[in-house]
């Protein structure tokens, strides 16, 4: 079973040289740490930055320089600032190659729910609805099951949707899956996890074809 | 009867302190020379400039710095450059206080035609359709009659329209007129011009109420 | 054209109860601190605030929530704010949550004189309820969009890094965020700046918001610039 | 991410006959001189050119008209060009004239992923023929707008003052004009620049076009920067 860092490391392998990538809050943010050295990738932060760098050194925090998670950050050479209209303009016009974000639920048709639990305090969708509605390629980093051991990869989402038919790939603590027109297609098992365990943890339609290899995350 | 400079001088009196003004090609361009000193007026050029200054001194022309008439110009302190989308954005959102432009024909309901003569070479509307469709206040600088002595202030425009019901005021070689819901309202006569002459030169409905004063242009 | 006013109090003198305000900033970054303080001091009530976030309990728009000056909040992400939550759950505060890009683009639409825009954000979700949808062909595929209306705000209140007396504004880093669009979108736009520079001191090629969009400008007395999530690495 | 190509020839290597091109510039100001020269040399034909103007007889897009490479011109203002007039009147050249703000905003729409925009420009004129109109309430008054579609161009060709290897662009004075919007609107965007500077040399706060929109960049060999209307005053 993968921990958060394992999930982040596995997702990092999906990033290609020359990609512009938007990383959501949580596990997706960690992905930045595992992009292979020498690969040219530009991170977009939807509050208005291309070319996000690592956290600042202690004492060098700049209150004017934050990411979409409101964390203090730095920039890399070649970065550019812009306003929120242009930021979501480039998102809507599909200039961002890959969007990585978290989810509470994903359905077998690619629907995603990650912003609202009815009856609980609602914090808002932020930029998530814009991102999932427009992204060319969406990878979701999520837990396969909730704390009650119920599947979060469903036939149909039970929570209010963030976007419809948009998720392309899912990386969980148990597996890597593609979202296809037929359902969740199992691609890889986490180290030490059996196909049977993944079957039991997946409520939505799961497609298993041939031998399912174990992930290579290092 | 006014010459072009007279028309420009008379129009300059319509400009108020604090105005943002867009000047069209031809007579309107001349208006800039007669804005009273000490009055704070910012000239907008729709190719992407606020704060247009006079022509450059000989030898100081900058090919990157032109107005919407493609003439070499200068800037004044406090000027700002922007792209064409923002330029027409501020025009559409009615931030420009006054638009001054030429016309081939104006109708008594405020319709204007100034971009196309069927059968002749058509050069295009440039920014004129955007300007007349959005401007808060439009003053037209034009000749009252054409070379064949036919009125250009008409019941209905005969040429293809640039915009509908948009002209607010007209300054010609003969008169100053407001465009009202009842028709052309005569406000002032040019020096030496009689009300009768203006009547004869105006095809559209002309409203004459009381004494019509002579223009003060200096 | 001198748009300089003395301070925040003078800048907001005609903001009345029940006004619709846009407030720039993302989280606590690039927020009009001085104007918010003046609004709290003035005590205008029944405000509708359009802002990406609602501040925290004791900073930003949170200060106006504490004094119950806000009737309605239009935002993309709230929370981080216990008083907000209390007012929302008790029904004292009305909240409309909209996607962040929709918020930004509805401001842009107002500033660019476009009555409505089309966005795919929220299609098929509860955000789409009651809204007109329309299909367009994009890159050869039919795709559904929501029609979203331009905002109509009485005042836009923004914070810039530098400004000149004509209202030309320059923003710094990610403190730019929603400020330029909101500056364009207000019927009256009030800009507070860290540095008020003389006319001609700003490079005309590098002005983010041309002064034509700005009605009043003043130098903020002080800036706390509070950091919401201080994340660092060791040297 | 190095997007630098050697020269204009390399930048246009995959532009084929019948391509739809956007070309930046206003009059002869801010036009991609080097790329136009390369297109003439390459001799691709049947082009649709979206550009505010069509150049003059022996400069700018006029050079591609002379060689009859242009099938269709979408512009707001043409003329100043005898060969253009001849081809238009003889029916060799198709011309679609649209308002300048509509041209700019249809580019913006493409770059911002908005399939259509609403503008009042052209309402009640022949520009409105065959187009969908729609009324909206603006400032309390009903006003009619045209729905205009985002452009769909294969290539955008722009000219900037400075650029870096990632494609970040900075424009100078009124040579900015349509270039930033077109840069955002092309499926493939080619930028030629006067100065190609190292990564990090441009101030991130003052980049007009972020590199994400630019696919290829090169330093133009030389710039004639012809002046269309030389107007001066005496010292």
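Note that the chains are named A, B, C and D in the order they appear, and that numbering of residues resets to 1 at the start of each chain.
Here is the rule we go by: contacts are C-beta pairs under 8 Å (C-beta built on N, C-alpha and C of every residue); 3 or more make two chains touch, one makes a residue touch a chain.
Keep in mind it's a predicted model, so treat the numbers as computed, not measured.
Student: Identify the chains in contact with chain A as well as chain C, in label order.
Tutor: A chain counts here if it touches both chain A and chain C, which gives D.
Student: So which chain is farthest from chain B, going by the mean of the CA atoms in each chain?
Tutor: Farthest by centroid: A.
Student: What whole-Å value do you get for the distance between chain A and chain D if each is reduced to the mean of its CA atoms?
Tutor: Each chain's C-alpha centroid was found; their separation is 36 Å.
Student: Between chain B and chain D, what distance separates the C-alpha centroids? Give it in angstrom.
Tutor: 28
Student: For chain A and chain B, let me know how many angstrom lie between their CA-based centres, rounded off.
Tutor: 56
Student: Hey, what residues on chain C touch two or more of the other chains?
Tutor: 105, 112-114, 119-120, 171-173, 176, 204-205
Student: Identify all positions of chain B at which a residue touches two or more other chains, and write them in rising order.
Tutor: Those would be 75, 81-82, 85, 88-89, 91-92, 94, 134.
Student: Can the chain contact pattern be summarised as a line, a ring, a star, a complete graph, or none of these (other)?
Tutor: Basically it's none of the tidy shapes, so other.
Student: For this structure, give each pair of chains that are touching.
Tutor: A-C, A-D, B-C, B-D, C-D
Student: Can you tell me which positions in chain C touch chain B when the two form their complex?
Tutor: It comes out as residues 1-2, 110-114, 164-166, 168, 184, 199-200, 202, 204-205, 207, 210-213.
Student: Considering the complex alone, what residue numbers of chain B touch chain C?
Tutor: Per the stated touch rule, the residues are 18, 20, 40-42, 44, 50-51, 75, 77-82, 85-86, 88-96, 134.
Student: Please give the residue numbers of chain C that touch chain D in the complex, ascending.
Tutor: Touch list, chain C to chain D: 105, 112-120, 136-138, 143, 145, 149, 170-173, 176, 203-206.
Student: Please output the residues of chain D touching chain B within their complex, sorted ascending.
Tutor: 26-30, 52, 75-80, 85, 88-89, 97-105, 107-108, 119-127, 139, 161, 171-181, 208, 225-235
Student: Please output the residues of chain A touching chain C within their complex, sorted ascending.
Tutor: Against chain C, chain A makes touches at 45-49, 54-67, 69-73, 81-85, 87-89, 91-92, 94, 111, 121-130, 133-134, 160-164.
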